[in-house]
Every structure is written in C-alpha cells, then in structure tokens.
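Consider the two complexes below, in which chain A is the common component and chain B and chain C are the respective partners.
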Partner chain A sequence: MSRVVFALARVEGMRLLRHPLTIAAVLLMAGPVLYGWLFGDGLPRFGLLHEPPRGLQLAMQLVLGGAALIAANFAVLRARRFGTEQQFAVLVLPERLRVAALLLALVPVALVGALLAVIYVGVLAFAPGAVGRLDPYEVATVPVLVLLMGGVGVLLGRLWRSVVVAPLLVVVSGAILLVFASVQAATDSFVPYAMTVDITDPMFLPPPQALLTWPSGLHLLYLTGLAALIGVAALAVRGGRSTRVLVAGAVSLVLTVAAVVVQTASTRDGLRTAAARQQPALQTCRVVERVTYCAFEEFVPWIDEWSAVTQGVLREMPPELTNRPLAVRQRAIAGTRGALGDPAGVPVAKWRADDAAAGTPGAVGIGTRWGDGTETGFAARLAYTLITGDPAALSTLCGGLGVVVTWIAGQATPLTRAGLERIDAMSFGGVSFPEGEIGAGILVPDAEISLATALLSRPTAEVGARVRENWTELTAEGTTLPRAAELLGLPAPKVVDDGWSCR
Partner chain B sequence: MTRAGRAATLQALLRPTGRVVGWLPFGVGAGVGLAMAGAASRLFDKLGPADAATLLRMAAVCGALGAAFLLDDPAVRTTRVVAVGRGARLGVRLALVVPVLALWWGAALAIVGSALTAPARLPVGALTVEAAALVCGALAVAAGTVRGAESGRAGPVAAPVVVFGVVVAFQLPYGWALIVPPGDARWTDAHQRWGVLVGVGLAGLWWAGREPVRDRAARLLRAVTR
Partner chain C sequence: MTPAPTVRIEGLGLRYGRTAALDDVSLAFGDGVTGLLGRNGAGKTTLLRIVATAMAPDRGTLSVLGHDPGTAAGRLEVRRRLGYLPQDPGFYRRFTAFEFVEYVAILQEFGHRRERRAEVLRVLAAVGLADAAKKKIKALSGGMRQRVALAAALVGDPALLVLDEPTVGLDPEQRLRFRELIAGLGEGRTVLLSTHQTEDVMSLCHRVAVLDQGKVRFEGTPTELARLADGRVWSAPARAEGALAAWRTGAGTYRNVGTPPPGADLVEPTLEDGYLMLVDTSAEAVSA
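Right after this comes the complex of A and B.
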C-alpha cells in the first residue's frame, strides 16, 4: 500500500510544483533579488547573516507557503469540484491514504523553499561586507513554514468544501503577521512565540549576535510540532482515526505546547538581560587615525568603512573642530520586543549614559546596517555633532546649517553620495538622518536638501573653500536659506510650505 | 426582441439570477474582512488614518476574494444557447451584486471609521477607489473565466489571481507603489494608478460581456431576416 501512496504523492507533488501559483511564487521570491543583481545595485552588500532569514521567512511563508496552501487545498477539493468523488470511492486507496499522499506531496515544494533560502543566504554571505554567523535553524525554518502552510491547505479542504476558505486564510495570516502583530504589545506573553515567524524585529536596528534573544532552535521545534499536528488533524478529521494517528497527534500536541512554554519562559529573562546589558562591554574598540570606533564583535570589519566616511567628513571641516577627541559607537536595540513602532523604544538616554560610563562621552552613534543610506545618515550626524558639540538630538536643521551638514555628508565618499540620492528619492518633506532608524536624529527639509544637492554637483574643492571661508556665518543658528545661498554663490531654492519646511 | 420585451426578460431574469449567484463565498469573504477590520480597529489605543487604511485594505482584499465567486455559474454550458445575450446576463448579475458590494464597503468604512481617534479623517474616496479596483479586478477575471471555460466555476481561478495581485502590489518598486500610507508623497500618483486599474477592470468586464466574435454574423443575419 505504501508504494501506492508514494506513487500518488509523486504525481501530486509534480502537480503542486507545476501549479501556476507555485511558479508565480518562486518568481516573486527570486525576482526582486535577480532584478537588483542584473539592473540595480548589484548583490546585496553588507548583509547581516544572523538577521536576514527572518524577513525571508515572513516572505516565504506568505508567498511560497501561501501558494502551497491554496494549491494543496484545491488539490484536496479537486474531485469535488469536478464531480468525480463517486469514482474515487471505487479505488483501492482509501481516502485517508490519499490525504497522506497529498501531505507527502508538499515535501518537494518545501524543498524548493529550502533551495531558495539557501541560495538567498549564500548570495548574502558571499557578497562583500557580510557580517555575522548564519543560524542554520533559521534557514531550516523556511521549508518547515512551507510544509506548515501546505498542511493547513489540506486540513481546510478536509474541513470545508468551499474553495474561498484557502485564499482567504492566506490573506488573514498575512494580516495577522503584518498588522495584528504590531498591535499586540505584551512583551512577556507567549503570543510572539506562538506566531510562526519573529515579527517584532525588522523595523528596529537589528540586534548584534550578542544581544539576540530569539530562540530559533526551540521555535523550529514548535513549528515542526505544529506542522505535524496539522498533518495529523488532516488525517484524523472525517474518520481517519487509527490508534497510530491519534498517538502521533498527542505527541505533536505535547511537543508544540511544550515548545511555546519553554520559549516564552527562556526568552523572558533573556530579553530583560539583553535590554539591561551595558552595550559598550560587548564591543571592541579600535583607534583609526585618532578616531575611536567601538563595534560589536562581528561588526569590527566594518570599522574601515566607517573610518573612510569619517575621514571624508573631517576633510572638509575647519581644523579647530577636528582636533577634539572623537568617538564613534555602534548602537543596537535589544529587549524591546513588543514596543514596535514606538519611538520611545529607542533608548537614547541609556546610550548616552553608557557612552559616558565607557569613557567616550558624546560619542556619535552608528547603526547595525550599512550601505542602504544609513552611511549618509551617519556622516550627517557626525558633521552635526562636530559643528554643534551636541550628539545629534532630535532637531530640524534650517538654513545654512542644514545645507552645510548635508553637503559635507554627501561629499564624504561615493557611497554617502549615492546614499543621499537614495534616501532623498524615498522621502518627502525632508530627509531624516536618524540614529535608531526611528526616534532620535536630525531632519533636513527639502529646500535645504536641494541647495546641498546643487552644491554636490559642483567641484568639491571649490565649494569646500567657499564653505570654510564663510564657515562661521553659514553654521550660525539664524542664517536663513536665501542668505546661505548668497554666501555660497547659488540661486536660493524655492521653499514650498509643506509643513516640513522652516517657517 | 422589442425594447419592452427585452426589459421584461431582464426583469424576469432577476430573481433566478439572484438565486444562482454565489452569495455564500462572498458572505464568508466579506464577513471575515469586516470582522477582522472591526476586531483589529478596537485593539488600537489610538487609531490613526494610516492604520485605519491598512485595516480597510485588509477588509477590501477579503471582500474582493469573496467577490471572485459572485459570477460563478454552474449552468454555463446550458446558457450558451439562450436568446438573452451574455452581456445582458452579466449586466443582470452585476445589477444584483453591485448594491450588495456597496453595502459591504459602506459597512467597512463605517466600522473602521467609527473606531478612528477624533480629529483624524479617513481618505474615504481614495480608499474606495482601491477597493473598487480590487473588486472590479476580481469580477473581471471571474467574468473572463466564465466566458472561456466549460465549467462555470470562476472563483477558484479569480481568487488566487486576487491574492497574487495583492502580493505583487506589495512588492512594487518605490516609484510604482500602489500601497502607500495616507500623507505619503506618492498618495496622489498611487491613486491615479488605482484609478487606471479600475478602468482596466471595467474594460475587462465589458470585454467578458461581449458575445464571441463568431456570433456577430449570426446576429446580423437575425437582424436582416426579421
């Protein structure tokens, strides 16, 4: 009998692989990366190997998993849709085993998911600038998620005869992961761990490895248990309740519940400890050309990148500003699970206190990302801190100061120039250079940005000389935009009052 | 057929058409969407326009998934030979369906709108355009499927297409974005794109309602020999 089941599984597996939705899902998953590689910015550089699989997992669950769910559901209901149920009743293979074959047929689709995940992570790992250590559990989660979703499709088909249920559930699961998750706020509850993927991280500065709290191994166990439970349920509903199936169901139920309980208990303390940790204690400091850089262990290779930008900023500064001791310290947000989208979750005060305690007061913050516009933000905040002596509080930079800070940031390196263009294209009203992706940071309105962009298109030496000549007036508090333009010898840009502009 | 006779035929078609329309899947989809938006809107401490728009979009997608089943016609093989044209039959169906869709969307707007924190206002018109584009798209694909297929089950084709379309909409590059929060600089452009999609959906419905080209000769012959 098992040979018959495998034969059917092979046929159904092929059909699932060939299903238009599966093919579309694979294209949707691979498309953006391929497009970026061929026509865009090349391979994704400066990847975080310990972090990326999360976003990948979410996309995989909803896109490839969603395709598997709908395709598997339609496969269960195929006989019903075409009115051939009676014919099936005369076959040697009982319905229970046909369902088992369909569950087995999900394996090839899951393997496709695994392959995509391995390729994606491999590309990230081999692209320049990748840091961190890959967590194999996080990669292994991808195929389990696809299996889980496909299993849900089979179960739904066994429970309800309507084909509207499956597409609806894909949308609902997307809504739960993308919307409900941002609403649920209980840090200590089991809810984040009962979700399929870690939904709380992506908006913040991703934590470094030393501050990671997500229990990836236990969570994989939980997902495996859940997938098994769903598979057993698909077999057991409508009379497939043999002793073996029931025992398997009981075992997977215990496994699933235990995994959630242990995850919640073990991570609750981990989160608290991570939030309270003195981040400087976890960092390695290096002095490059009289500037101190402190980075979390795995980010030390990035110090050369940071140094290049720092030198690019210092180059255009008047010498009296660059003689002071300067420190750059990496920031991370840990232990704020559940405080998603809340600027109060950015622990600026704690960072400042940590800086002072670690002997680098007033250090300029740098995040855990690089190469996506954050380098320009760092350059701007560095310039602002050097000019004002203030470690980048929350403020809008008007007139001359905004222009000078943006120009210095933009000219520092080709990377910061490209980064400025990128974040300018993706923002409206003004460009913000935040310290923690949201929350603290500086904002430069569009009019100031456009003058700075005009400056950037002119020779750096010429503009630099002019800026240094008029330094005091340009960087003074009340210097207006028209006055700054006059000093720099450019026409004043038109100010559109969009609520972001200065007065 | 005279104009009066035609009107009478269409009127006579209303009741039986109302019986064969796939109301249950639509009810399930619309109901799930409304319940989800309603429940989620009460979870927020302060519901702003951005979150409200997200909730309404969720409701719209669920409703569009249900709408994908509204044109299911299990008897499509038998109606190929009837005297009332495909366009007229589709029109009767739409006449029945559109008020229900309007009611559903009005309910969604009311449910989420009532949870909105005081000074904020919903961009009702723009969100309605989005919902209309989703529903028109779903109906157009469904109508196109019924037109071409031997079996009249359009939902199993149209609903996955809606899901696929929504996933694509989420992945569009920055400058082509369709799903943008209220207040975003791309809001107006995005809604022009949504408007175009409404137009594409309506054009699709119009095309699906036309009789196959080969029948035009037969109609001409009928007109001449009358």
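Right after this comes the complex of A and C.
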C-alpha cells in the first residue's frame, strides 16, 4: 500500500511542481533577486548570515507557500472540479491514503523552497563582507513553512468543497501578516512565537548574535508540530479518524503547544538578560589610524569599511577638529525588539552611559547594517559629532550646517555618495540619518540635501577649499541656506518654509 | 453445474425521500453482456451505482463477485475486480490520456511503475487509443474521451464491468466503434450495460432486464423481450385507432403496435416493440 501512496505522491508532486502558480511563485522569488544580481547592484554585500532568512521566510510563506496552498487545494478538489468523483469513489485506494499522498506531494515543493533558500543564503555567504553565523534552523524553517501552507490548502479542500476559499485565505492571511508586522507585540507575549514568522521583529534592525534571543530551533519545532497537526486534521476530517491518526493528532498538538510555551518562557528570560547586558562588554575594540572602533564580535571585519568612511570624513575636516580622541561604537537594541520608529524606545541614554563607562565617551553610533545608505548615515553622524562636539542627537539640521554635514558625508567614499542618492530617492521631505538605524539621529531637509548634492557634482578639492575657507560661518547656527549657497558659490535656492523645526 | 452469478440481487430497495428509486428488485447476472433498459428515472443508474459500490441500498441483499459490498472488506474486494464507467464520466482535461489512465491505475493499486505503465498501455491499446496516449484529454473528441473513460474502467482487467449509458452523445460511427469494443469485453467477464438504445441491447446483450419505476418488469433474452409483442404488431395502409404507437415506414405503410384488429397483417416484432408493449401496458413483471 505504501508503494501506491508514494506512486500517487510522485504524480501529484510533479503536478504541484508544474502548476503555473508554483512556477510563477518560483520566478517571483528568484527573478527580482537574480535580476538585481545580474543587472542591478550585483551580488549583495555585507550580508548578515544570522538574519536574512527571516525576511526570506516571510516572502517564502506568502509567495511559494501561498502558491502551494492554492495548488494543493485545487488538487484535493480536482475530482469535484472535473466531475470524476463518481468513478474515482469506487477505486481501491482509500480516501485517507489519497490525502496522505497529496500531503507527501508537498515535499518536492518544500524542497524547491529549501533550494531557493540555500542558494540565496549561499550567495550571501560567499558575497563580500558577509558576517555572522548561518543558523540552519532558520534556513530549515523555509521548507517547513511551505509544507505548512500546502497542508492548509489540503485541509481547506477537505473542509470546504469550494476552490474560492483557498485564494481568499491567501489574500486574507497576507493582509493579517502585514497588519501584525506593523503592530508591536509585547516582548513577553506568546504572539510572536505562535506566529509562523517573527514579523513583529523590525527586520531592518538585525541584532548581533550575542543579543539574539529568538529561539529558532524551538520555533522550527513548533512549525513542524503545526504542520503535522494540520496534516493530521486533513486526514481526520470526513471519516479518516483511525486510532493511528488520532494518536498522531494528539502528539502533534502536544508538541505544538509545548513548543509555544517553552519558546515564550525561555525567551522571556533571554530578553531580560539581553536588555540588562552592557553592550560594550560584548564588543571588541580596535584602533585604526587613531580612531577607536568597537564592534560586536562578528562585525569586526567591517571595521576596515568603517575606517575608510571615517577617513573620508576626517579628510575634509579642519585639523583642529580631527585631533580630538574619536570613538565609533556599534549599537544594537537588545533582544531585537525595540519600539519601531519610537525614539523613546531607543535606549540612547543607556548607550551614552555605557560609552562613558567603557572609556569612549561621546562615541559615534553605528548600526548592524552596512551598505544601502547606512554608510552615508554613519558619515553624516560622524561629521555632525565632530563639528558640534556632541554625538548625533535627535535634531534637524538646516542651513549651512545641514549642507556641510551632508556634503562631507556624501564625498567621504563612492559608497557614501551612492548611498546618499539612494536614500534621497526613497525619502520625502528630508533625509534621516538615525543612530542605530532607527529612532534618534539627525535629519536634513530636502533643500539642504539639494544644495549638498549640487556641491557633490563639483570637484571635491574646489568645494573643500571653499568649505574650509568659510567653515566658521557655514557651521554656525543661524547661517541660512541662501547665505550658505552664496558662501559656496552656488545660486541661491528658493527658500520654502516646509515646517521643519531646525536645530 | 451452472456457475454462480457474478451479481445476485434480492429484494433491493432504495428511496430518495418519498420516491422509490428501486423497489424490491431481484436480479442475477453472470458472464457476458447484460443490458438494462428503462426510461429516464426508471432506476437504472441507481442500480448500477449500488452494484458498483458507489452507494448502498436501504434494504435487500447484494452479492457482487461473491462478496457483500455492505461490509468494508467486501467492498474493497469488489472494487479490486470492478470497472465502472459512470453515465457522465469526468476527465482531467489537462492530463494526457496516458496520465489520466495511469492516475486511475495508481488508485487501483498499481504501485509498481513498470507494471502500471504496461497496464496503461494495454488498456489504451484495447480501446484503440495507443496512438493518442500522449494527447491532452482536452484535445480529444467526445468519442475518444469516452474511450479513455472505458480504458480507465478496464484497468486491472476487471471481472465485472459496469457501463452506464456509454454511448450517449456519440455520433453513429463512434457508437458503432464503441459497440464493437463492448462486444469484445463480454467474453470471460460480466458486463452490465445500461442503455436507452435498443439496438445496443439487440446487438450486444445475451440477457436484458427492463426496469420501470424502480421495479423489474422483465428479465430474459432480447429475443424473449421482442416476443412480448408477438401478434401485437401489424402493417396497415393507415394509422390504426387505439394503437399504442404507429409510424409510417419507408415503404409507405403504417407499422402499428397494440391490439390488432381481426385479420390484420401481422409482422415480426422487434425488441423495441416488445419493450414498448412492456412499459406502455404497465404489465406486472414478466419472467421469461
């Protein structure tokens, strides 16, 4: 009998793989990435191996998982859709084994998901600047998510004999996930652990491994239990409740609930511990060209990149500003769950205190990402700190100071210049350079950005000479944008009161 | 010694609400092609579905291939040796003929790939579709699709083949080809054929049963069914008053069925005449 089930699973598996939705999902997952690699920015740089699977998981669940859900649902309902129920009802293989075969048929689709994940992570790992340690549980979560979604499709087909339900569910569940993604769950709530993917985690602020509290192994166990539970439910409905199926259901249920409970309990302690830890104690410091850089262990290889930007900024600074002791320290929000976009949730005061205690008072903060504009943010905060003597606080830089800070940041390296263009293109009203990539930091309005961009198109030496010549006035509070333009030899920009409250 | 019938039905009954779809039906079929004749709603499809284990009767006993389909084990044994072609078979249009029949073969427990593929090729060849095996079903004509369905029913060389109006919707040539196929299938197995086509019964069946309003009105040979109209069919220059049916023939005379007047020009009855006499006179079940 098992040979027959596997034969049916093979046929159904091939059909699921060849289903237009599966093919479209694979193209959708792989296409943009491949296009970006081949014709866009090239291979991803500065990848975080312990972090990228999270975003990949969400995309895989919604796209490939969604396709698996609908395709599997259509497969369960195929006999009904094409009117073969009568003739197939009298064939030998029992219904529950046909369902079991269809559940097994999801494995090849899940393997495609695993393959895509491995390729993605593999490329990231071999690309320049990759740091961190790959978490195999996070990668293994991808195929389990696809299995789970496909299982839901099978279960839906067993419960409701309409092909409309599955596509509707994919749309609704996608919307729910997006809503949850924008809602901050309490850190000790069970909600993040009972979700399929930890979308409450701000995905663009990855934690260092030392503060990573996400229980990926337990979560994978939870997802496996949930997938098994759904599979068993699909077998059990409509008369498939054999003793073995019921026992399997009970075991899956216990496994699933236990995994959520243990995840919540263990991570609660982990979060508290992580939040209480002195981040400097977890970091390694190195001095490069008289600047001290402190990074979490896996980020140490990035110090050379940080140093290149630092030197680019220092190059255009008056010598009296570059003689002070300078430190750059990496920031992270412990436990990965800072209040997204809420400055009050970013522990700036604690960072400052930690800096002082660690012997690097007034250190310039740097986040856990590099590239895609973050380097420009670092350069801007560094320039601001050097000019004002204060680490970048929450402030808006208008007039001459905003122009000078942005120009110095943009000219530091080719990457910072490209980064400025990139974040300017994605910003509205002004460009933000937050510390630790979220929350507090500096913001430069569009008018100042435009002027700085115009300066960047001129020879650096020429602009640098003018900047140094007029340094005091340009960086003084109250130097207006038209005056700054005049000092820098640019046409006066049209001044618009856009409502910014300037420093 | 007479071999035991493949299908033995005794006192079978089934109701759909207040309507008796089958009422105290008792029949027995053995090897060869047995025809089931009857009007729409006479209970033919219901009876075939019960024999094919697709549904259970309310009452009565049933033995199919020596097993009781009322039990799970019996049903399984019957299904292992059964081929069923329903009245309006469905198809997976995006499958090729081969893929569709192979799918059925898997559901009929052909686990070994090599054996299964050989079996699929055998049945496709048996219905004359060897050359169309790789064609998508949606690209096949109605007659070819019907042959695909028959091929699917033939998987595993079933001892009992239940065919519910297999020639409905086919053009004359396709019907003849299908008839040719079915004729060959009756050798060495039991074929139960439900049809509206009296020509099919006459040319294919060695036995025939007539169902009317859920009851068996006749069971016997096609010739015996025709003989029910012995002395009831006559030729006349005009339509006779009181005839159950009358129609003008190609020769210009009228063929009347009913109670002939004295001295009428009696002609040889056909199976159609016998069937007409049977169902139109509401006769009690006649045993041949």
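Criterion: the second predicted complex is superposed on the first by the 480 of 503 C-alpha atoms of A that agree within 3 Å, B and C clash if a C-alpha of one lies under 4 Å from a C-alpha of the other, contacts with A are read in each partner's own complex, and residues count from 1 in each chain.
We take it that contacts are C-beta pairs under 8 Å (C-beta built on N, C-alpha and C of every residue); 3 or more make two chains touch, one makes a residue touch a chain.
As the structure is a computational prediction, the values presented were derived from the model and not from experiment.
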Regarding the shared-chain residue A:L8, is it in contact with chain B (first), chain C (second), both, or neither?
second
Partner chain(s) touched by A:A24 [first = chain B, second = chain C, both, neither]
first
Contacts of A:V92 with chain B and chain C, given as first, second, both or neither:
second
If touched residues of chain A are counted for chain B and for chain C, the larger one:
B
Just to be sure I read the superposition right, which of the two partners does A:A79 touch: chain B = first, chain C = second, or both, or neither?
second
Answer with first, second, both or neither: which of chain B and chain C does A:A465 touch in the superposed model?
neither
Which residues of chain A are in contact with chain B in one complex and with chain C in the other?
82
Which residues of chain C touch chain A in their complex?
49, 52-54, 76, 79-80, 82, 84-86, 88-93, 99, 102-104, 106-113, 116, 149, 152-153
Partner chain B, residues of chain A touching it in the complex
20-21, 24, 28, 31-32, 62-63, 66, 70, 74, 81-82, 162-165, 167-168, 170-172, 175, 179-180, 183-184, 425-426, 428-429
Could you please specify the touching residues of chain B with respect to chain A in the complex?
24-25, 28-29, 32, 36, 40, 43-44, 51, 54-55, 58, 61-62, 65-66, 68-69, 151, 153, 155-156, 159-160, 162-164, 166-168, 171, 174-175, 184-185
Give every residue of chain A touching chain C within the complex, in rising order.
1, 3-4, 6-8, 11, 78-79, 82-93, 98
